[in-house]
Amino acid sequence: MEKFIIWLLPLPPLLSFFVILLFTNKNKALSHSIAVGAAGLSWLGSMIIFIRALGVKEFGKHIFGSSINWLPTGSTWLRIGVQIDPFSAVVVFFVAWTVLAIFVYSIGYHNFGQPKGDHDVAGLPPHGATVTENGHKHTIPSIEPMYSRFFAFISLFAFGMYTLVVSDNLLTLFVGWEIMGLCSYLLIGFWFGKPSARNAAVKAFMTTRIGDVFMLLGIAFVYSFTGSLSFSEIFKPEMLHALASTPAFFGLSAAGIIGLLLFIGTVGKSAQWPLHVWLPDAMEGPTPVSAMIHAATMVSAGVYMVIRMFPLISAGWTEGMPLNTTMSVIAFIGAFTALFAATIAVAQNDIKRVLAYSTISQLGFMIAALGVGAYVAAAFHLVTHAFFKALLFLGSGSVIHGMEHGVLHTGEQVDAQDMFNMGGLRKKMPITFWTFLIGGFALSGFPVLTAGFWSKDEIFAEAFGNGHLAVFIILAVAAFLTAFYTMRQITLTFFGKPRTTAAEHANETTWTMTVPLIVLSIFAVGFGWVGIPEQFPGLGGLVPNWFHEFVGGTLAELPKAVEFSWVPLITSLCVALGGLFLGWLMYRKVKSPKQDFLQIPVLKNKWYFDEIYNFVFVKPAYWIAEKFTSLYMDQTVIDGFLHSVARFSLFLGHAFRNYFDKPVINEFIGDGTGNVVKVSGSGLRKIQAGRIQYYMVVSISVLVIFALLYYFMIGGR
Amino acid sequence: MSIPLNWYLILAAALFSIGLFGVLSRKNAIAILLGVELMLNAVNINLVAFWRYLDPVKMAGQVFAIIVFAVAAAEVAVGLALIISVYRRRRTVVADEIDLMKW
Amino acid sequence: MTADKIIFLLCAVLILASALMVVTTRKLIHAALWLVAALFGVAILYAVLQASFLAVVQVVVYIGAIAILFIFAVMLTRREMLDKGVQTRSNWWLPALLGLLILAGLVFLILGQPAFGRTAAEMPAGVDTLRNLGTALVSPDAFVLPFEVASVLLLAALVGAVYIASGKKE
C-alpha cells in the first residue's frame, strides 16, 4: 500500500502541469484549482506515508521501497524505483507542507480576483489597473497576465522535487535534479520581458550546469565501479569498503573522488562558494518562486543529495577520526560560504537579496555540518531552515505586495523592495509582521522558542564536540552576522516610522497569502522541539530526541549523540541574542542608507565576484565564440576551405569545359566526325560525276582488278 | 572447216575489246553507240561460232543471234531517239556534258 | 593454210581494221561508214560459218537499218559537233589499257580451254538449217515465245523512239 502511494507521489503535480498547459490556460480559476488540488493530493499522500513511517519500529531497517527492472544492461538490469527511509520521510514531510503553502500563497500573490491591468503585457510584471470608486480614481494591483502558466511551471517544479525525494537511485534523482534546474530557469525568467530576468535565468542555468557536469561524472564513476545506481546497492557495507579502499585519482580513494564530484553538483545547486553567483540574481523571479526554489526545495535538494550520499562520503571514517579529504573539502566550503555570504548580507538593501544571501549562508551551515560528520544535525537544520526560510520569503513577498499597493495608491515611483523605503509596517501589516518576526528569530537562532535554535545549536555542538574548532569559530561568527542582519532587516522594514508615503499606505495582504504564513510559522516554532538533545540542561529528556533516533536510523549505525558541553550552548546564545540586540540597536533610528555605515562598497558589491567571473570566464567565452570560433575558425578557416574547394571545382569545371569538352568532344569528336563525313562525302561524291563513261571506266577497272586478284590469289590453273 | 574454234573466239574477243574502248573513250554519244554495236556484233560472232562448232542441228544458237539482232535494233532506235531528244534540249551530244545526274 | 583459213584471216583483218577506224576516226560520218564495213565483214564470216540466213539478215538489218539510222542521227546532230577537236576523251589510255587487259584475259581463258581448239565437224547431211531455224522460231516447244516477245520489244522500241524523238511542243 505504501509503495503504491510512494510511486504516485510525484504524479499529481505532473498531471497538473500538462493539464494546465494544454487545456486550462485561459481559465485562471480552474488552473489554480487544479494546481492547488494536485499539490494537496501529493500533500495527502506524503502525510500518509509520514504517519505510516512513524509507526514502524526501527524504520531505518524496514524502509518502504519498491523498484522495478528498467534498463537491460547485458546480463543484469538497471533498476529504478522509489524508497522512503527515515530521512526522506522527514524531507517529504516538509516538502509537502512548503509546496502546498507556496501554491496557496501564489494565488494571492498574483492578485487573483483583481482586474486586468491598464497596460499589462505578458512577460512583464503587472502594473496596476485604474478603477473608479465613488468618483475617485485610483490604481490598484492587477492580475498577473501569465497566471496559469505560473501554476503550470510550479507544478512541474513540484514534480521534480518529489521525484528527487522519493527516488531510490542516482538516476531518477538526477532526473528530478535536472527538471528542477529547468524549472528554475523557466521561473526565474518568468517575466521574460525584463532583460535582467532573462540574464538571471541564463546565469542560474549555466552556473548550476557546471555543477551538474561534475555530478554526472560522479554518477558515471559510481556506475562503472559498482555496476549499479541504487542506493541500497551502493551503500552496502562491502561496497562502501571496496570504494573506500580502492585508490583513484589525485591520491583519493574511489569513494573520495565520487563524493567530491557529487559534492560539486551540490556546490552548484545549493549556491555554495564559488558557484554562488546565481542565487542573488534569481530574486528576479516572483517571490513564490524565490520561496520555493531558493528556500524550501531546490537548494535543499543539493543538501539532500549530499546528505543522502553521506555513507559514501564518509566511507572509511568513523566518529573521532580525523576527517578524510572529501569531508574536509566539504566542511571548508560550507564554513567559508556561511561566513562569506553573511558578510555580504549585512550590506544589502533589497529585502529579498538579504534573504538570498541568508539562504546561501544557512546552506553553508548545513554543508559544514555534514563535512564534520554531523549527519543528523545537517538533516535537522535542513528541515527547520526550509520552514523558516520559506516563511521569510513569503513574508517578504507579502511586504512587497503591501508596499506596491501603497506605491500604486500614491503614484510614488519608489522601489517597493528597498528596505530603506519601508518602515513602520508593523502597524500596517500585523500578521505579516508577527510571522516575519517568528521566521527571523528562527533564522537567528532565538533560544528555545524557535526551531532554528535547536538545529543550529546541534551543529555547533557537533562541530565543537568533535574538535573541529576552526569550523566552529567560523560558524559562530557567521551566526552572529546572521542574527545581526536579520534584525537589521526587521528593524528597517517593520519598526520606526514609514520613510515614504508609499509605506504609509501599505495594506495587509489577502488571506491566501497570510494563512500560509501562519501555517509555516507554526512549524518554524514547533518543529525544533522534536530534536531536543537528551542532555540539554532543563529541557533535555522531557521530550525524547525523536529526530535523532528517527533520522539517525537511516544510517547503518545510529550515530551517537555528542557529549553535552556548555561551550557551544553559551556561544550560540551569545551570538544569537547579541546579534539581534545589536541589529535592533543600530538600525532603529536609521532613516537613509547614508546613515548605515555598513554600506561598504566591497560588501555591497558581493566581494566583486560577479565582476571577477565576468572578466575571467564570461568575456573570454564571448571572445572565443565571436572572434575565435566564429571569425577565425568558422569564417576564415572552414569557410575559406570550402570556398577554395568551390573555387577549385569551378576552375575544374571551366578547365574541363574549355580544354576538354569544347575542343575535344565538341570539335574533335562531334564536329570532327561531321567534318570527316563532310570531307569524305565531298571527296567521295566526285565519283558520281554524272558521266556514263566515267562510271563504266570505273566499273570495268574494278572488274578487271577483281578478275586479276581472283586469278592470282584464289583461282588459277 | 579446219579453222579452230578459238580463232573465232579470239576474233570476237578482240572486236569486243575494241568496242569497249570505243564506248569508254569517245566523246560523242553517237560514237559511243557505235562502240556498243561493235560489242554486240562480237557477241553474235561468238554465238554463231558456237552454234556451228558444237551442235549445228539445234537452232538455239541462231535463234539467240536473231534475238540479239532484234534487241540491237531496238536499242539503237531508242538510243538515238534519246540522243536526238537530248540534243534538241541541250544542244550538245558530248556525253561528258550530259551530267545533270552528278552530285 | 587452207583456203578457208585465208578467207578467215582476210575477213578478220577487215573486221578489226574497220572496228579500229570506227573508234578512232575523227569524223563521225566516217565512223559510221567504217561501221558498215565492219558489219559487212561480220556478214562474210556468217557465210563462212554456213549460217547463210544470218549473213543476209546481218546485211539487211544491221547495215540496211541500223547503220542507216546512225547516219541519220549523225546528220541530225551535225551542226553542233562539226567534228572539231579531238574526239576521244583525254584519258583514253585507261580504256585502252582496260581493253587490252580484258582482251588478254579473254584470250588467256580461251586458249586455256583445250576444248575450244577443235575444228568444226561436217554439217550432217540432210540438215536444212533454214527450215530448222524457221521451225524453231515458231514452234511452241521451241522458241516461239522469245520470238514473240522480241516482236513486242520491237514494237515498244518503235513507239518509244517515236515518242522520245518527236519532242514535246514546249
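Think of it as A, B and C in the order they're written, each chain with its own count starting at 1.
Operating definition for what follows: a residue touches a chain if its C-beta (ideal position, glycine included) is under 8 Å from a C-beta of that chain, and two chains touch if they have at least 3 such contacts.
In this text, all values refer to a predicted model and were calculated from it rather than measured experimentally.
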Task: Report which interface contains more C-beta contacts, comparing A-B against A-C.
output: A-B
Query: Based on the averaged CA atom positions, which chain is farthest from chain C?
result: A
Task: Averaged over CA atoms, how far is the centre of chain B from the centre of chain C? Could you give it in whole Å?
output: 6
- line: dist(centroid_CA(chain A), centroid_CA(chain B)) in Å evaluates to 123
Statement: Whole-angstrom distance, CA centroid of chain A to CA centroid of chain C, is 129
- prompt: What are the residue numbers in chain C that touch two or more other chains?
  reply: 89, 91, 94-95, 98, 102
Task: Pull out every residue in chain A that's touching 2 or more other chains.
output: 693, 697, 700
Query: For chain B, which residues are shared contacts with two or more other chains?
result: 20, 23-26, 96
Field: Touch list for chain A against partner chain B, complex
entry: 685-686, 688-693, 696-697, 700
- request: Within their complex, state which residues of chain A touch chain C.
  value: 693, 697, 700-701, 704, 707-708, 717
- prompt: Contact residues on chain B for chain A in the complex?
  reply: 20, 23-26, 32, 95-96, 98-103
Of chain C, residues touching chain B in the complex: 2, 4-5, 8, 12, 15-16, 19-20, 22-23, 28, 31-32, 35, 38-39, 42, 45-46, 49-51, 53-54, 57-58, 61-62, 65-66, 69-70, 72-74, 76-77, 80-81, 86-89, 91-92, 94-96, 98-100, 102-103, 106-107, 110-111, 113, 116-124, 127, 129, 132-133, 135-137, 142-143, 146-147, 150-151, 153-154, 156-158, 160-162, 164-165, 167
- prompt: Within the complex, which stretch of chain C touches chain A?
  reply: 89, 91, 94-95, 98, 101-102, 105, 112
